[in-house]
């Protein structure tokens, strides 16, 4: 095969992996900390995209400012969901899954009622719509931008959870709720903030995906299944999710070059199922955490 | 061996058959239409489109424009003095609902005809019922053909009409090397087969053919393949949200619209509006209708429609116009059927038969004169090529010199030819209800 | 301790009998092809909700991919029906295959020439799939939300692959057999009482089988592993085998539902594998009451009935209403409507002094909390 | 008498930490052996290693002449090894009777159990065991509503229903009242006439009442073994216990 094609495939793999990662990051945090499978994650991404659209179209906020604003606004929605619903269901994992599915229905239809079902789009600064020609590979600036934002988000998340007091609290609660409580850590508040951060990350993801393609009430669904697979095969940890996203992104890109996109998708699903058969705890995750 | 098994099945089924007294239906026999039209009474038709869900974007417009057309016909005195009464249902973008709503429309509401569907999948879902109940479906958009039933009238372009002009035009303007990109389903694949025929005639060269999963928004690998192939233009049958992602990523990847434009069968006014005009500008579309068509009928249609309460979405496009003309085809055919048989004896099947050769003049049809083929009941029309402008509107750059005949089996001459009575195979056998 | 009449085993059987007697009266009392057909469709949904209640409500295995078995069964039936309208000498290949450049009938279609084999395969293949997938997952001790996500992933995989295998499945457009199903000399007209009775029989059979299963030792162990799989393992049972079996039995019922659905609609397409559809099965079972077979069935009738009659009334707000209702049920009424009925019956004056016997439904409120 | 359970050079590492370090022990048939030791001594891990819940890093466990290391939980259970957990594990949604019925695991084949509805043997055995653990009046009650002591007895009853040759009981009297402890001691003393038992326990008073042999673990290793009198006078054991002062 032509070396420039191979190189393109690899570069694209990084880009696809970073998109998977951005989509999965918030989910991984919420799952890793609170053990909640948030089925409304896709709709939080969608909310992020609509937030950006609204800020841009009606208030004229520039795109780069929309990213942090989307984070904040969707994080607030996350807090609302956590306070009103999820906090009552922490000891019923399957029920949180169902309840958040209900939330996703409500969010999707609510947005449709407000914005209508015709597609919207996010306006990008002109330079993000250009490309970078490096001779043998050609990369679009927007894809580089997504990779950079992904790296930034990963760093910020890592810093928050491993280098701040809040992070220590979160990990204490994750390890042992009762013990943490005896040290005066409010696990309810910790969960709430984690949920807010997870939702906020989905909001940023939405703001960026709005630039990559179309903004529709149903757009969340297309990311959510892949995002779940990243989290599950990564074992629910931050590092695991990064590795899983990077690896899957490469596979998707390479298979798409060799075969076609549809078959690539199918192969990935198959690989994840087989992988989990032999390593049910995921890439990074301890096996003996029962009882 | 087969006899004993048959015998067993027969015995086993006798009991069940005894319970099944009413509605026993033998294959080949069709149910009669269980209603009659009365002069002066409303004529019920079903509008079967999705008002919610993923298909709502194009189909809600179809419902609106049908209501507009029905109002217009009723205001002008209806059909033989009877007003048309639309029965509007929501198919919720779910083929199960299409199927059950069709039953509702035919069996409960006893509609005379159904106007509905935007996708072949939903059409295939409801055709068995429509055929069995011998009702009539007006399918008002483009499709792949390769279907021959006695219960469908289509007012959109078939695969053989759609790209006939587009391919030679693009080869002529930009060069012979082309790359095909489509969504992964039946219509793009069939359209591409037709396009290959035109490409060969135009001495073009096909560099590659790629299909994207429906709804997918990742065009990275495909765009890299296109970049490596360096075509003169791209022929696209990508649909829906994917189409918008494709155009956006095309520009973001640095492909140039001047040297490698996309010639599409789908990217119309709605899509360019949704992707942002700067991503659509410069690309081409082949369709029988554009909002920018300059003729008095269209100008009147656009003005009146957008001024009416139904024009709330602010645009007209080929799909809506094809739906609009289907209402007038129905009117023409029903008037003819009433004249031929008397209003009491009109059935949906007789309306279909009467539609053969029905012509809509340029005064009625915004896209210009069209007529229904007397054999396969698709539409003779004039495909036009438009180029998207910086503001998202289209400029007509070419109009076919004459009407193009619809032929659902143009690339499958071995299978047969669609006639009014069924699919006529080359060996002379006639098969009905081929779907 | 007072006994809630809800838990009375005899009264439970009476409730089942009344429900099926009412359903049996429908075709006798009314002669409306449309309503019959609609009720038959609801019956199919009822089978689906029942099958999910069996594996989720009793076994604790939340299957978000019940549409897989349903869809495979539906495809098997559609292929059988399609081949009935083909002729081995003059017209051996379904029309859509010719458009996809197939010169001869693919191998996987060959068995469907024979109606009996076709119907057998339509049940056997999905059941076999469930056995294999279940064994893979449960032996690796994948359970709970993890398993749910894996079923969702498989659902997406099936959806993708059935679209991609266009020459064999006609892709997105699906298969619409032009003729109704014929078994021997019996024509299963979708608008007739025949098809109604077939669906009725399948629903009745599934219900009886499911009910007996839950009362068997097997059912008891399945419920026990829902409480605490590890404890069951330490008693010497191979939990994975029990999980796999209940999952496969539930899948088998879903496959039967899929077959019924195909002869009712004469159409099948990859949207059978749509995520939304599989989730609605969960919604029916949850709203009706996952822990009760009968209420799960009624959940399907109630939600689908409301959807087809109120859905047009409320149009855009319908999904909103359904979503909110679903959230409320999950949050406040994990037992669904069944839990509500149980609560109300529990408040009534004590009617029966009978001792409770083993094999009852675990539907008191406390019992529905997962560990 | 032959050793019914032989543990040889058992070792379990979690990363670099040796949780069980070269632990060996023999259990003689029809005796009650108490496994004691301070928190973190590795008692529960030893139980896990014997019953297959965790796999040892090295070493072996032999039960009635079969090496069972590497076998999974259900295979070991079928060989006649029953276990009661530290945190009582009963089926909280099922009735007491159903709990015992599940525990009657003479037939483990799933396909056969589909066609099995009720058996007279099982009912007879339930009555017998229920009487033994004193729950005959509580059979119709949902297990989740039992008191803590009753839950402990139910789980002991479940292990008895299994009819194992060797019972491993992890802290059977934790959280019980004085009377309940006394009753439990009676139950265990009756049981050891027909069964071999290993009991993990902190409460030395209770150990004194039931133990034939006491094994003391410390830091994953065997510290001492002998009769209760021998252990109570062992200086090493005193040092370890004084260091932590646990009960």
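Chains: A, B, C and D, in written order; residue numbering restarts at 1 for each.
Everything that follows uses one rule, which is that contacts are C-beta pairs under 8 Å (C-beta built on N, C-alpha and C of every residue); 3 or more make two chains touch, one makes a residue touch a chain.
All values derive from a computational prediction rather than experimental measurement.
S.K.: Treat touching chains as neighbours and tell me the shortest step distance from subunit B to subunit D.
M.R.: Minimal hop count between subunit B and subunit D: 2.
S.K.: For subunit D, which other chain has the most distant CA centre?
M.R.: So the chain farthest away from subunit D turns out to be B.
S.K.: Which chain wins if you rank chains by how close their C-alpha centre is to the centre of all protein C-alpha atoms?
M.R.: Chain C is the most central one.
S.K.: Averaging over Cα atoms per chain, report the distance between subunit A and subunit C in Å.
M.R.: Going by mean C-alpha positions, subunit A sits 32 Å from subunit C.
S.K.: Express in whole angstrom the distance between the two chain centres, defined as the mean CA positions of subunit A and subunit B.
M.R.: 38
S.K.: Could you tell me the distance, in whole angstrom, between the mean C-alpha positions of subunit A and subunit D?
M.R.: 46
S.K.: Centroid from C-alpha atoms only, then distance subunit B to subunit C, rounded to Å. What do you get?
M.R.: It comes to 35 Å between the two C-alpha centres.
S.K.: Counting only residues that touch at least 2 other chains, which ones in subunit B make the list?
M.R.: Residues 52, 184, 213.
S.K.: Which residues of subunit A are in contact with two or more other chains?
M.R.: In subunit A, 112, 262, 265, 291 touch at least two other chains.
S.K.: Taking each residue of subunit D in turn, which ones touch at least two of the other chains?
M.R.: 85, 89
S.K.: Touching subunit D in the complex: which residues of subunit C?
M.R.: 1, 213, 215-218, 220-221, 223-224, 226-228, 230-239, 241-242, 245, 355-356, 358-360, 362, 364, 366-367, 371
S.K.: Contact residues on subunit C for subunit A in the complex?
M.R.: Residues 60, 62, 133, 136-137, 139-142, 144-146, 148-150, 152-154, 156-157, 160-161, 163-164, 230, 275, 279, 282, 286, 316-317, 319-320, 322-324, 326-327, 330-331, 334, 369-371 of subunit C touch subunit A in their complex.
S.K.: Considering the complex alone, what residue numbers of subunit D touch subunit C?
M.R.: Listed in rising order, the residues of subunit D that touch subunit C are 51, 53, 72-74, 77-78, 82-83, 85, 89-95, 97-99, 101-103, 105, 107-108, 110-111, 113-118, 140-142, 144-145, 158, 162.
S.K.: How about subunit B: which of its residues touch subunit A in the complex?
M.R.: 52-54, 56-57, 60, 184, 210-213, 215-218, 220-222, 224-225, 227-228, 241, 244-245, 248-249, 251-254, 270, 274-276, 278, 313
S.K.: Which bits of subunit C are touching subunit B when the two form their complex?
M.R.: For this pair, the touching residues of subunit C are 31, 33-34, 37-38, 41, 90-91, 95-96, 98-100, 116, 160, 163-164, 166, 170-180, 182-187, 189-194, 197-198, 265-267, 269, 271, 274, 276-277, 308, 311-312, 315-316, 319.
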